[in-house]
Amino acid sequence: MSKIVTFGEIMGRVAPPGFLRFRQAFPGSIDITFAGAEANVAVSLCYLGKDVAFVSALPNHSIADACVSNLKGVGIDTRYIIRTEAGRLGLYFLETGANQRPSNVIYDRDGSSINMIPAESYPWKEIFRDTRWFHITGITPALSKMASQAALAAVTEAKANAVTVSCDLNFRKKLWRWEPSFSPQQLAEKTVRGILPYVDVVIGNEEDASEALSIRAGDTDVQAGKLAIVRYPEVAQKIISQFSNVSKVAITLRESISASHNNWGAMLYEGELQKAF
Amino acid sequence: MSKIVTFGEIMGRVAPPGFLRFRQAFPGSIDITFAGAEANVAVSLCYLGKDVAFVSALPNHSIADACVSNLKGVGIDTRYIIRTEAGRLGLYFLETGANQRPSNVIYDRDGSSINMIPAESYPWKEIFRDTRWFHITGITPALSKMASQAALAAVTEAKANAVTVSCDLNFRKKLWRWEPSFSPQQLAEKTVRGILPYVDVVIGNEEDASEALSIRAGDTDVQAGKLAIVRYPEVAQKIISQFSNVSKVAITLRESISASHNNWGAMLYEGELQKAF
Amino acid sequence: MSKIVTFGEIMGRVAPPGFLRFRQAFPGSIDITFAGAEANVAVSLCYLGKDVAFVSALPNHSIADACVSNLKGVGIDTRYIIRTEAGRLGLYFLETGANQRPSNVIYDRDGSSINMIPAESYPWKEIFRDTRWFHITGITPALSKMASQAALAAVTEAKANAVTVSCDLNFRKKLWRWEPSFSPQQLAEKTVRGILPYVDVVIGNEEDASEALSIRAGDTDVQAGKLAIVRYPEVAQKIISQFSNVSKVAITLRESISASHNNWGAMLYEGELQKAF
Amino acid sequence: MSKIVTFGEIMGRVAPPGFLRFRQAFPGSIDITFAGAEANVAVSLCYLGKDVAFVSALPNHSIADACVSNLKGVGIDTRYIIRTEAGRLGLYFLETGANQRPSNVIYDRDGSSINMIPAESYPWKEIFRDTRWFHITGITPALSKMASQAALAAVTEAKANAVTVSCDLNFRKKLWRWEPSFSPQQLAEKTVRGILPYVDVVIGNEEDASEALSIRAGDTDVQAGKLAIVRYPEVAQKIISQFSNVSKVAITLRESISASHNNWGAMLYEGELQKAF
Amino acid sequence: MSKIVTFGEIMGRVAPPGFLRFRQAFPGSIDITFAGAEANVAVSLCYLGKDVAFVSALPNHSIADACVSNLKGVGIDTRYIIRTEAGRLGLYFLETGANQRPSNVIYDRDGSSINMIPAESYPWKEIFRDTRWFHITGITPALSKMASQAALAAVTEAKANAVTVSCDLNFRKKLWRWEPSFSPQQLAEKTVRGILPYVDVVIGNEEDASEALSIRAGDTDVQAGKLAIVRYPEVAQKIISQFSNVSKVAITLRESISASHNNWGAMLYEGELQKAF
Amino acid sequence: MSKIVTFGEIMGRVAPPGFLRFRQAFPGSIDITFAGAEANVAVSLCYLGKDVAFVSALPNHSIADACVSNLKGVGIDTRYIIRTEAGRLGLYFLETGANQRPSNVIYDRDGSSINMIPAESYPWKEIFRDTRWFHITGITPALSKMASQAALAAVTEAKANAVTVSCDLNFRKKLWRWEPSFSPQQLAEKTVRGILPYVDVVIGNEEDASEALSIRAGDTDVQAGKLAIVRYPEVAQKIISQFSNVSKVAITLRESISASHNNWGAMLYEGELQKAF
């Protein structure tokens, strides 16, 4: 029981070189790599020497082959990346900010493989056979109804196999559009609240908690730039009190100085505050 | 009445540098330009000094802005490129062949803007007001039902305004999938036969005529590499006899020697053979 | 009457990649773009949604075609860029500074098209027909006698057509060499004082005012790095009192920390100080 | 007496990468190297182990420093490259042809240093002290009156020092414009006929001889693509008979198949035909 | 028993971009990949869907990590790449030829890991447990005494495990220097004749057979460009008759037209000639 | 007596572009230049207008030719760079640090030419004939026994010719491995103490003095980040008192803030403290 598994979409990340804007960089030579919140976690854990599998879905063409090769090269177990006839490779375009100009992301993930295959496409039982930790994020259930169902099936099966489950809330307002009658926040809350009962460790920040769970400290204004670190234990405490299976809450803090300079902090709450730096 | 108008999808063309294969090139620095059969015709005519407008649909983001800027820079009238909230920028990935290895194309056009907007989104009456020639290809109706309806609406309105209409058959078997109960050839023939009654000049080759119209010369085997030029006037004659409004048929001939070397020829048929070289 | 017009030279801007010095970068791969003070203003206004024409002169070859395409792509009206048989495309070579090493510019503008054609080559009457604002800088009259005469003819005609005229003083000591019997400052003052009577809005900084107009606040030492912002209203006041048609003076302030870090400020003076930040 | 000296202009050679056209390549990353007919000869001889000096004139800035460093690195004696206050670095822009599209050159050499300094700027006596061979081409006298006078002074002084002189006729119709009352051919003939009496070895092809010297074989049509090799000894014989000091004529032959494929040949005539291959 | 194993050195392959010569390319941006005769075979077999392990030795640093990642990404089993404290990553520098200029290789393999570790460093018994085919080349025994001993130990153990062994003779005169008292040919013959008794399939060409084994057809001149294909079966027959365990000989034929154009052929001899194309 | 001579190894410096890590950059396009502590000093002095020769050893191939060309281009006298049949071009691989990640260097200098030739290969008498200053560093004697002997021979001969000798201690713990029975510090101290009696000017920092000479100020902890500048004169004084021929000690101070930001200082001690900034 020593493997770690992460599950989510891996995309082509298309970025102009340096600080070029989209309008300056196209047509031209653009950097394309592969990325995704859950794949990045898998890669980092692998670099740290862990035994990691990444579960996802990709189309059956040679650019997706290149993506799988890349993960394999790092040492990740890629056996459970489902290759599909339908569906495309999701993409996102990233324009890096500079000074007061913020970074800009254009998502191009509609119709990607992970959004086109049903929950039962993944052999979760087999995947979790020798797994001790399963990691997902709030991005996967935001993508589509199908991806949302797959995420729920995954955590349910993980719990049934006594696997520890962590979830990074990772609220992205630009996603969460698959049920047009709900606002992004409403859809997120409805869906995430269905997943958290199967989660042991919640990762997030004050804005995630507020937007995806309507959980807020007394007088926080989450739109403001500077987040008051003193209110964080309160948010963590509220999450734990609402979801009795959650035993730990980790909160990361980023204070933006400019597009390329940030101050960072982090906090781990486990019943009481464990560590903050 | 002096303008030329072309209509179709313009895409991001994503190609590894040199002769790199997809598996070698990703991740890495990739060349992205903008291209499409009908946009390419518009650009070439513009370089030849003509007054040209290009009609299309693109999403409302800054990479599409870069695409429009590029066309504007050439001198093309881009007023009738509809910008949409829904829909994405179509892409295609091109791996250039070498020696006996053929080129490889991965289409990623599903859900692009031109496939998401209804025929009536384009102000054809206004577009054709001072137009003398309208050019489409068999690619647009192959993309989706909506694009197919837009193409039909366009040629109908063009004829109503006494605009000369040319159509490059351009049969692409990988497309023509929007009506799954038909084979690509069946869907093509049903659709293209609906469009040709509004066309004055047909452009194509023997394979296009065979696949999209079931029109063949006596004993042609279109799969074979070397096409017999002697049978071409027969094909042209058959097209003209089936579509009484078609007055000219132009056929281009490519004989592949290797992935990077071809012999080229062309023929113009106008009642009788006009010119071949 | 809604168009904005700017007039000046647009050049090839030749710059080594990154922070490479000329001696390291040549021979090699160099970045070439198109730039010029007045063209840059035109591009920025276009991006802000304004209707802008850029007037200039360029040789009749295909690199200049690329330059015009680039401006057209942005949306700029390029009809009044005169294409000449005589004259070359002006260039400047830019080595970007780093830390305590300052940036270095090598001008290569002699004999460029804008310096080779007479004032009457530009159809100013036609250009100003529907124009509300005309912008020039002190760079154009510094280039050559011919460019200087063209600048004067332009502002004269602008005023005759009730167009608002702005002029960025932009004193460049390396230019202003076309009348060798004068020093750069003398030639600048003689020439700029001939132009300002047709100007409504003056833009500049303390050094520009001192070098090009001999206008100084009480005890300013313009060579020193830190400019005293408190003296700026005095400089603005003196410009307005000497040129009765000038109604506004805008002063931009740059305090150099290193080659790549600056503090910026700006001030608008309109009879009294309007705004400073 | 063992040194070889060549004299002429060295320029920045600005070329888009690959087969990109100027309109596609600008703005962008462009390859800049240093080149010139006489400098290229110097470099090749140096690579073959000869002791070579290159004489020229360049402006006094750091891009020209880079050019001199480059020659020095090859091992060329650069002591006699005059550095000037006036004058610029000549440039030429090269678009490489492909298939049936020919290469395109834009010269930007007006006002370069070699065209701005008088013949007496070069210390020919000192230069020729230990020189056994001096090489010039017909390009230098084509550039300007000053460069033409410098070329004549150089060959005169070379002969006075018993140095062997070779001259590659190298007729370039786009140059030879410094005396507008003459056609390029007239100006070339007048000037080159003044230089050849000091020359021992003439290098050229049939077109050079025809255009620059009005020397033709019986029935040659120099505009035609395929040059008849059989007539070459006749041309060489005529040059030797008109200029009694010329002892050898070398003719190179290029037959263009496409922009990138040529057949090559060469012939050496020394009283009678010596060698042809 | 379904795995294929190859064994040899994998190096950094350092090559200037395009056709640049070393003198032009350094300093500059150079392409570095990983390559080696036996690793290339492993990669190709992997692409063809085979189950392949590659055995080698590499130093214990992060550039070698990148090399292993690259092989892993292709799907190769890299468990048996020994990581060493002593020894470096072998390199070779490749200047690609053009026209009549041949390609140039500079080897920089001395002191690489594979040359620094003893034969018993590799767990051959374990490696061959489920292996059906083992492939080596004549390059490995040419590198050093230690590599030569490792190659011999490997084929011996392979035979003991009933693994089919193939050996590509691959004679490289620039290598074979580890026993200075022998000429390259002498050292090769002495060593290769010690290995072939354990080999089932020999791959080579006429020159390999002549240089490494002193086996020649009747009147072959191996230095000549055009090799007479008719003599190949004779060479194959001689190899089989001298080494009774060899059952098959494959000969590849390359006829050089220029540095970048070759005609290719191949022949398989198995008692009698099987196939030639 | 006006020449300056420096002596040491010049290597290929192989660095991924930007801040890429080795694992990300290979395979790919890598920047290769030439560098070395003593060659860098020669280049800087040459740029400052000094007459400088650089003495070293390099293999006899065309990449080393490129290295020599590069130095020659700067204006350095390269006559005394010995070209060897044995030995390779030393390399080092540099991964540039970012934020809290430090830079990483992989040396690949074993077996380089300077380590393969005996001290008497260099014509020191001839080299020092018109030399006034000779500069070495503690890197050369750290490389190998042969390089160490060459360094000692050089300073001995320099002193015999009344040349001023400077030595930058430059302690590198990763080197100093050529006498495995000693620790790097022991080997350094033994060797450097043999060289300093011939040195006039010592350059170093507190760590160099401590590691290579066991000379420390009262209570310095050289492992700590912030070095106490107040103790530096004490270190300089101790060096001068132990080596009576040393007349000056220069100490440079670098305080690391992050991988890319440092504070710099310097001190010159000449009997008493001369200058510090």
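Going by the order they are written in, the chains are A, B, C, D, E and F; count residues from 1 in each one.
Everything below uses one rule, namely that contacts are C-beta pairs under 8 Å (C-beta built on N, C-alpha and C of every residue); 3 or more make two chains touch, one makes a residue touch a chain.
Fair warning: this is a prediction, and the values are worked out from it, not measured in the lab.
Between the contact lists of chain A and chain B, the overlap is empty. Any chain touching chain D that also touches chain F would appear here, but none does.
Steps from chain A to chain F, taking the shortest chain of touch contacts, total 2. Rounded to a multiple of 5, the Cα-based rotation taking chain A onto chain C is 120 degrees. For the pair chain D and chain E, the distance between C-alpha centroids works out to 49 Å. Averaged Cα coordinates give chain B a centre that lies 65 Å from the centre of chain F. The residues of chain D that reach two or more other chains are 28, 69-70, listed in rising order.
Shown here, the protein chains touch around one cycle, each chain meeting exactly two partners.
Read around the assembly ring beginning with chain D and moving next to chain F, the chains appear as D, F, E, A, B, C. Within the complex formed with chain D, the chain C residues making contact are 12, 14, 17, 21-23, 25-34, 61-63, 65-67, 69-70, 88-89, 91, 93, 95, 104, 106, 108, 110-111.
Residue ranges on chain D touching chain F, taken from their complex, read 69-75.
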